[in-house]
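Order of writing sets the labels: A, B, C and D. Residues in every chain begin at 1.
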Amino acid sequence: MVTPSPGAGWSREEMAARAARDIPDGAYVNLGIGIPELVARFVPEGRTFLYHTENGLLGMGPPPAPGEEDPELINAGKRPVTMIPGASFFHHADSFAMIRGGHLDVCVLGAMQVSREGDLANWSTGEPGAIPAVGGAMDLVVGVKTVLVLTQHVTKTGEPKIVERCTYPLTGRRVVSRIYTDLAVIEVAREGLRLLETAPGVTEDEVRDKTGAPLA
Amino acid sequence: MVTPSPGAGWSREEMAARAARDIPDGAYVNLGIGIPELVARFVPEGRTFLYHTENGLLGMGPPPAPGEEDPELINAGKRPVTMIPGASFFHHADSFAMIRGGHLDVCVLGAMQVSREGDLANWSTGEPGAIPAVGGAMDLVVGVKTVLVLTQHVTKTGEPKIVERCTYPLTGRRVVSRIYTDLAVIEVAREGLRLLETAPGVTEDEVRDKTGAPLA
Amino acid sequence: MIDKRVGSVAEAVAPVTDGSVVMVGGFGEVGSPIELIHALIDQGAKDLTAVNNNTGNGEVGLAALIGNGRVTRMVCSYPRSSHSKVFPELYRAGRIELELVPQGTLAERIRAGGAGIPAFYTPCSVGTPLAEGKELRDLDGGTYVLERWLRADYALIKCEVADRLGNLTYNKTARNFSPLMCMAAATTIVQARRIVEPGEIDPEHVVTPGIFVDRVVEVPDPLVESRLIAEGRSYPW
Amino acid sequence: MIDKRVGSVAEAVAPVTDGSVVMVGGFGEVGSPIELIHALIDQGAKDLTAVNNNTGNGEVGLAALIGNGRVTRMVCSYPRSSHSKVFPELYRAGRIELELVPQGTLAERIRAGGAGIPAFYTPCSVGTPLAEGKELRDLDGGTYVLERWLRADYALIKCEVADRLGNLTYNKTARNFSPLMCMAAATTIVQARRIVEPGEIDPEHVVTPGIFVDRVVEVPDPLVESRLIAEGRSYPW
């Protein structure tokens, strides 16, 4: 069930449900860790998505019931998962061949920043002393046909996450197709960002105010 | 059983048996089509070789008894084979990863020409109108740790096959370790060819006469 | 429900267009998708580039596709055959182009195509005529030649068991190039001896995961090339 | 008779020398060869370069190898962990070097090492800090970065079933990097839950053919990292 947002804008669940509506039936989908994982709970009626997890499983199912966990059946976030009938296991080179070779239809990722050109930063603040950790994100953004971003519209301190240029180290250049935030759905078009939809109770002006790049 | 040669020099079987003596116990071995295949019949007492065939089988066994052929179990020469307990099947990229990656210990190949530096020509006469066909030979010669050549010492018309420089298109440069012919065993050393052994009834002078490059 | 099954080989190969690059699984006759190839001959697509280790046998299967004039360019490692004159005759007559690729390089180029690797270096063919005109590079004390990925519009594949999600297993050495070609083609068309329900293939034993497969058709008793050749058959019958 | 079995984990890791490059299988704790790692700690080899997707958890297994000061250089994609401070502390203190590699590039570099491919181009990391200083190349309308193979002196691997020829199968997502590392190491050392006779693993189901494996030791009930961590254990005990 989608939990409605307490105030204006979408809840995390509503954001995930909104993104899920844009994923076609039969798509091969990779979901990033965090909010993106919620997408699996909101597959629209009549559609089937097949989930890939880059540590070597296609046909990932929902989390197991408590006590049913198999310690050697995990996802990329290292959490226990299940598998559906018709699943398959493979090693990392084959798994990333699927990603890099363009065989996955959609991935949904979190973001620290997205630029007007679709550049994504989601792996490092670049601060000295921070332990850099990239995982599979750079492969996903260059390899998967459609990259969707699910993120809060602004940071905890109110700074825009959608910006003219990313100031954090990039994950990839010109890779994001659409951004789903608590306030809006924004398309990354050739000519720049386009506001497709606002959340209930959110005005276009509010979205523009909280966005660090022009919105058509 | 080794069939002794009718005149001086070694028979094909004796050549194969002589080469087999130089292959260590436990070696992973790829045998080329033709005379090299005979090597499998002369594994020295107390040794085990594991045979790889580049079309995707490790642990190839002897040819099947008549009537026992499995049409989908063949070797690189497209002839029916068997498999031993502990065999494995894999696709061509994995098979050539074994070859190119240096995992095979020995391959035994036929030759049209071998040069004093160990260049091998065994795939094409380079004549106009000839259909060039290379198969896996170029991968084998660069990838396998030790490349042995089994060949008649001279061509059907009496020309040396061991030459100063190959005139036929090369399979690989500086790749051959040893040459086993009907007349002699010759090592390809850094400083040139070295005559290691002559067949019974064959003189060193005869070998030198029939060799198109200096023999130390 | 995801269901990649189609009802006939004709339907399976229907989308192939003139000028396509078509990878064809098999090493000689072993693993060759003969029913799909014959359906493609019936379908009529021409000006094809065909990728296979060989050039077919007799006048059936791949040799028939070539013999019927549908292939203008062949990418392969071993175009000679003791059982076929189809390719040699067209080649000598200048009516078919040949790109000769060492077998391991062919396999690796196809894998690279499927894995999104546009180019790689290999030691294979360095110093031989097959490396002429190609970029060479010294790395870690060796000399290597740059090779490019190979991708296809279609792959025609024969497998042993498939499910409706497109997961595949093969039989023995019939596996050969097929798992690679499934990866490297935009549309992969498979004939399976048997189609089963998802889950019937153990997830540990899947050789080609369904993500690489688009269309699956059941052909329970595929023709055996060598038998057809022994009987002197040629396609179209 | 070919027999790659050894009697103990101590014997299995005995040949590892100071300064070796050691690939360690596993994705987090799943597939991590914890008994072999502990045996390597006991064995004492130091100045190691370790290759793994992560940097271990708690103070056992790979984290213990690092924490005991045996690793001077780490090649990995994701060195952060919610369960370990071992690597971050050494890294911030400048006592361990880090080569950060995107996960797919790491996998492909290891495969390339095993497959004799010294370098390849990938689109991954282009335009990011991780491509800085690397050769870029435009191919077929895209921009790609040149990446080099990764090879090791030793691989430490955990598998499910092995035979004495070194054929291996894995369990579910514990497969991860292990089949690649088996290929890329000069000497591959494996701990198996179970060792069976040759032929007991179906030739169609072998994941790592024995040619890639050198030593196999049976560890029927491997320790579970997360349980040890929950118990607050650290190695050496």
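In this section, contacts are C-beta pairs under 8 Å (C-beta built on N, C-alpha and C of every residue); 3 or more make two chains touch, one makes a residue touch a chain.
Keep in mind that what you see is a predicted model, and the values were worked out from it rather than measured.
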item	value
A-C compared against A-D, more contacting pairs	A-D
Between chain A and chain C, centroid-to-centroid distance (C-alpha), Å	36
Chain B-chain C separation of Cα centroids, rounded to whole Å	29
Centroid distance [mean C-alpha coordinates] between chain B and chain A, Å	55
Residue numbers of chain D (touch at least two other chains)	108, 111, 115-117, 122-123, 170-172, 203-204, 207
Junction residues of chain B - those touching two or more other chains	57, 83, 89-90, 93, 96, 99-100, 142-143
Those chain pairs that satisfy the touch definition	A-C, A-D, B-C, B-D, C-D
Residues of chain C touching chain D in the complex	108, 112, 115-123, 137, 139-140, 142, 144, 148, 169-172, 203-205, 207
Touching residues (chain side chain A, partner chain D) in the complex	53-57, 70-75, 78, 89-93, 95-96, 99-100, 119, 126, 129, 131-139, 142-143, 169-173
Residue ranges of chain C in contact with chain A within the complex	1-2, 111, 113-117, 163-165, 167, 183, 197-199, 201, 203-204, 206, 209-212
Chain A residues within the chain C interface of the complex	26, 28, 48, 50, 52, 57-59, 83-90, 93-94, 96-104, 143
Parts of chain D lying in touch with chain A, wherever the complex brings them together	27-31, 53, 77-80, 87-88, 91-92, 98, 100-108, 110-111, 122-130, 170-180, 207, 224, 226
